[in-house]
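What follows is a pair of complexes built around chain A, which joins chain B in one and chain C in the other.
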Partner chain A sequence: MSVLVIAEQRDGKLNRATWETIAAAQQAGGPLRVAVIGAAVEAVAGELAAAECERVIAVEDQALGEYTADGFVLALSALIEQEQPALVFLPHTYQTRDFAPALAARLGRPLITDVTGVKKDGDRLVCVRPMFQGKLNADVAAGGPPPHLVTCQIGAFRADSAARGAAAAPVVKAAVAVDVSRIRQKPEAPFKEAKQAVDLSQASRIVAVGRGIKAQENLKVAEQLAQALGAELAASRPICDAGWLPMDRQIGSSGQTVAPKLYVALGISGAIQHLVGMKGSRTIVAINKDADAPIFEVADYGIVGDLFEVIPAIVAELNRS
Partner chain B sequence: MKTAVCIKQVVTREWQLRVNDQKTWIRDADASFELNEPDAYALEEALRLKEKHGGEVVVCCAGPARATQVIREALARGADRAIHVESDAFTAADGATVAEALASAVRDEQFDLVLTGLQSDDQGFGQVGVVLAEKLGMPHATIIMDVQVQEGGLRVKRELEGGWFQWVALPMPALLTIQSGINQLRYATLKGIMAAKKKEIRKAAAPAGSEPLQKILSLYVPEKAKQTQLLGGSAADAAKQLVVKLRDEARVLQ
Partner chain C sequence: MPQQAERETLDVDVLIVGGGPAGMSAALRLAQLQKQHGGEPLSIAVLEKAREVGAHMLSGAVLDPRALRDLVPDFQQRGAPLGATVREDHVYFLTRSGKFEFPITPPPLDNHGNFVISLNRFVKWLGGLAEAEGIDIFTGFSAAEVLYDGNRVAGVRTGDRGIGRHGEVKSTFEPGVDIRARVTILTDGVRGNLTKAVVRRLGLDAGRSPQQYALGIKELWELPKGRVAEGTVIHTMGYPLRMEEFGGAFIYGLPDGLVSVGFVIGLDYRDPMFDPHVTFQHFKRHPMVASLLRDGQMVRYGAKALPEGGWYTVPRVFADGLLIAGDAGGFVNSMRLKGIHLAMRTGMLAAESAFEAVRAGDVSAASLQSYERRIAGSDVKTELYPVRNVHQSFNHGLLAGLAYSGFSLVSGGWWVREPMLSHAGFERVQKIAEYYRDGRPDPDATVNPAKIDRQLTFDRLTNVHYAGTRHAEDQPSHLIVHDTDICRTRCREEYGNPCIRFCPANVYEMVDAGDGTRKLQINASNCVHCKTCDIMDPYQIIDWVPPEGGGGPQYEGM
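On to the complex of A and B.
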């Protein structure tokens, strides 16, 4: 099964998740090609040529300088028709999420998103991915004529396990026609919200709260634990969505990524969007009433119980010792 | 402005999931269900746009008969009417199938704007909205945190990774997938619940079935990546053990 990896770059800088996707594509087997599209991608293509692959395909077009869903669907649907791969692998970034379903629909082909593992079953590829907020995993297979599209969850495959070639792979240029008049989205420059007051990535201990905290007034229970541990207070997305804590204390794919020496998750179920932001923490403690919560999959220590009994007990114990 | 909001009924977060005998879906015969959370934010955004700019909000759902529960709830929150493409086949259908069903229901309605949540809390493929845009020939933008109506179209704030955002302008009609947290949700009032009973739910036939493009081969509880030490006993016992572990084993208290 020949695989085409679509690399992600912005302003000539390669997104590291591309290497994870290359590692996943190598596991899927078959001759590998890597494509990168943009306005000026020569340097990135050169970087990608280190991968063990048949060739790197560089598609340069001024219309692809700024990301737009329409521009990328036009360019990639044309490229895929030229290359005729059996599989197309992409990193499951926010950018991919924006265009890949439209690309699959335009090609009339299946798209399996957020994949965490790949297995070969004869000449068929079986993809493993989370469902039900990570509480279950599913083996999913695509059917019908190729190509089948797959996006790889960030952090699920190891970038450093991507095989490098003995010599640099050839870089070839490919041309695709991108009709600018068919690009309907007009993007402005990306920006960061000004008030990013807290840099949680520097904290050595973090106490994070999730839905299990139930009400804003209960936050003081978590604050007491944070204080006793000398920790920063943080939260999963729903808590910030509700306005109970400011957005800059959010951990996860849409917030900050942290790796403190201690991470205490209080009433956080552990949806993947949260896990990607904290699973690099050295020691993870999870306290949750649901023994099946996915957070326990990454926790070193777990307590299944009522937050409002367990937290005060820990605070009392810390203050005693 | 005439807005469609596509919604899905999913099992509640608290529901204890059990896999069915074929291991292809969950046992949901006696489950409790709720409105998919990102869709609730999409509905709220549509209601706010209507309050500001006038028009109509139509709820669209491709789901089994029991999905009437969340359709009624959306009507109670303020949507004007609903279209229900009803089939048991949609319970565990893939994104392309659901998008095709929704497309068949909304195509002739000439909506200015179509909103969906960014993904479902059950399968979570995150594609129905964008595939629907492609099927309707509309431009789209995803993971939206703000919607401004301006001359000739929309200006929307896309969420990017790691605290980055981007404004994107696009012409209408357009489709947006809405991110949770874009607004504060309202809940149905008693008046809304009473009014919803009189609102129209138009049933639409599911389009002729095409072969699904993908299939769930098996559904199972994931293996743990880490060996978690579960600390048991009373709250006080567990707390005592934890503090000892953190101090002497993990050494993270100094």
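On to the complex of A and C.
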């Protein structure tokens, strides 16, 4: 069963979900090829050549520089005709969700979406996909002539388990003509709701400040500690309400929920609205002037004191070691 | 108002604004009338700002089932969530550490035959019945303004969605919908934002006494089994209130060890430093209450204002295309501490008049006046008229109030001057300089603080967490303070910023302005929609307007 993985890239940057898809495709077995399409994809193709696969196919066309569903369906259906794979694997990204149904319809082939696991049943590939909002898992196998299309749920397969080849795989260019007149969409500049939010849930250490910091210019005290610890800076609600830090750094019931290895709470009293956002942290260190502050009820280490005296001392000690 | 999106309109025959006991009863009654009379079915819609039916409902609550019996005669078989049948009534007068039980329960507080309920569950159930009858209930939609054709009420406009904190249009923007109706029934609750606007515009309160409000603060507790038997109803007067303050507490036993504990405080106190939330904490620390709540757990919190002025404060409840029912109209019997049955009854009567008017093709005020006649001929009047001066008599202190209450039971509510003179509560609050002649208290400190242990007593912020309140953060404040300079200058000096005390949800805070002074900070997303600030602000410069639909408390079992 030959497998074709369709990589996803934007502006020459590979979407890391591609590696997860490659890992899934390798589990499906059979000779593997990886295709990447766009206007200039040489660098990405080179990157993908590290995967254990037969070859990497670079599909380049100016008309594919900006994503359009029509352009991608035209290019990929032509490519699949040429390559004749038994299976086509795609990452279940927003972009894939946009064009994959049209691609499957164009080819007249089945599409199994949002797959979280694959297993072989003799000659057949059985895909596992969640149903009823994840309450049930269904085993799904496609019927009819190949190719069958499969999209892989993000995070379901491990990117680092994708096998790398002993030597780089050859990169070949595919000649696929895209008829521009058949592209009906005109993309506008990609829409961004706001500037990229900080994903505090990924941080392993967080230094969070509360009202006890008193003034915006005092934030640099906390920043120094964050820097010394290699931590992200976060805050309780009043700090973000005051505009001293952006709202995407707010921890708590109306902000983000985090569980880092280390959470240092500076001048945070520990209102329950804040605690629900951080009480899962592995080690909580609290520094507060008020010995009765509820933050000490969840803290593993507490320092009752003036944070403007305590933090510089900690920072000095950290920088010494 | 952003122009790029076309505003949709929806036409209905009867629009009910507010899915509480009045609104749901109106909807259900309309469905029944339709069934009864046949013919071309009326289109009926209910607007509710909560995410789900009942989520903004909060009351004590003891339900007098008489309106329910008429509306849903087989309510028992249909699974009405009636909690517990009232088994015993107690009324206590509390002193700082002692208690005196009233030897006989005063007749208005006799709850024999009534039920201890969760209003939130009850309204959810009523809403289910209405939906089963094919009524459209639009939850998560707030009504932002009344639509008029001239002076005829023509429906409402729902709130826009997707407006940012500073009024900017976000990518998620959706303009509000114009819902045009032949008859609009406003059941938007105590100090309803639409009722307030329409009463003002059409002068519906001409010749009526000012409404008298109270604030109810409530916690739901899980107690060890048997501590408070289900069906137990306890009311208290006295401590921690002083003679000059009107109010009292309630403790109602629900099934499964759940107990409603709450405090109702007249929003006509004189002391500008008075703090209702702290008063509630003092109440819980009273030995009688503390011993009941020991080893228990507070599981829910909420607050809501209530209209207690009674008969003479009810505005004209009809106009061209308009009817007003329930708390929005002030239909509460403050002597019996009950309003749910009156909300239901007025909702049903409004439905009857609306149905008749739409069928007759005449929705003018003259036609809808039949609603007023229906009320006059119903148990609403027989219940409210005899106690028409009772709440006002408490304006003269607890003793005068109690004396008059007793007198009214034999006099049929008569008084030498009808109606008894009264003032709006916010006008009765005195300035710090008048009230505290011996020295000015610190406006940022509590005059009479209660110890907060987070077991029995809680600070406001912790309590708010248990109201489950949520609002989309990136939206304009729905609490509009028309002049925040007054807060930092005049109000701070004259009244010591009473908003930070009367708000039970920590919405208002005076924070360091960085120049040695303090400035107002509005934590709008804490709001539990109780309306107290709109009512009680001494300068009347706070307007409560609905936030983006779906925002607000998430009451469960309240």
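Everything below uses one rule, namely that the second predicted complex is superposed on the first by the 193 of 321 C-alpha atoms of A that agree within 3 Å, B and C clash if a C-alpha of one lies under 4 Å from a C-alpha of the other, contacts with A are read in each partner's own complex, and residues count from 1 in each chain.
Following the convention adopted for this analysis, a contact is a pair of C-beta atoms (placed from the backbone, for glycine too) under 8 Å apart; a residue touches a chain by one contact, two chains touch by 3 or more.
Predicted model, so just to flag it, every value in this text is computed and none were measured.
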Partner chain in contact with A:7 - chain B first, chain C second, else both or neither: neither
Touch count on chain A, higher of chain B and chain C: B
Which of chain B and chain C A:69 touches, first, second, both or neither: first
First (chain B), second (chain C), both or neither touched by A:241: both
First, second, both or neither for A:178, with chain B first and chain C second: neither
Partner chain(s) touched by A:294 [first = chain B, second = chain C, both, neither]: both
Contacts of A:152 with chain B and chain C, given as first, second, both or neither: neither
First (chain B), second (chain C), both or neither touched by A:254: both
Shared chain A surface residues [contacts with chain B and with chain C]: 191, 193, 238, 241-242, 253-254, 294
In the complex, chain A residues that touch chain B: 69-70, 73, 93-95, 97-102, 104-106, 109-114, 126, 130-144, 184-193, 196, 205, 211, 229, 237-238, 240-243, 248, 253-257, 261-262, 269, 282-286, 292, 294, 296-306, 309-310, 312-314, 316-318, 321
Of all residues in chain B, those that touch chain A in their complex: 11, 13, 16-17, 19, 26, 94-96, 99, 118, 121-131, 133-135, 139-143, 158-171, 179-181, 184, 211-222, 224-226, 228-232, 235-236, 238-240, 242-243, 245-247, 250, 252-253
Of chain A, residues touching chain C in the complex: 191, 193, 214-215, 238, 241-242, 247, 253-254, 271-273, 276, 294
List of chain C residues in touch with chain A within their complex: 171, 454, 461-462, 464-465, 470, 473-474, 511-512, 514, 521, 523, 525
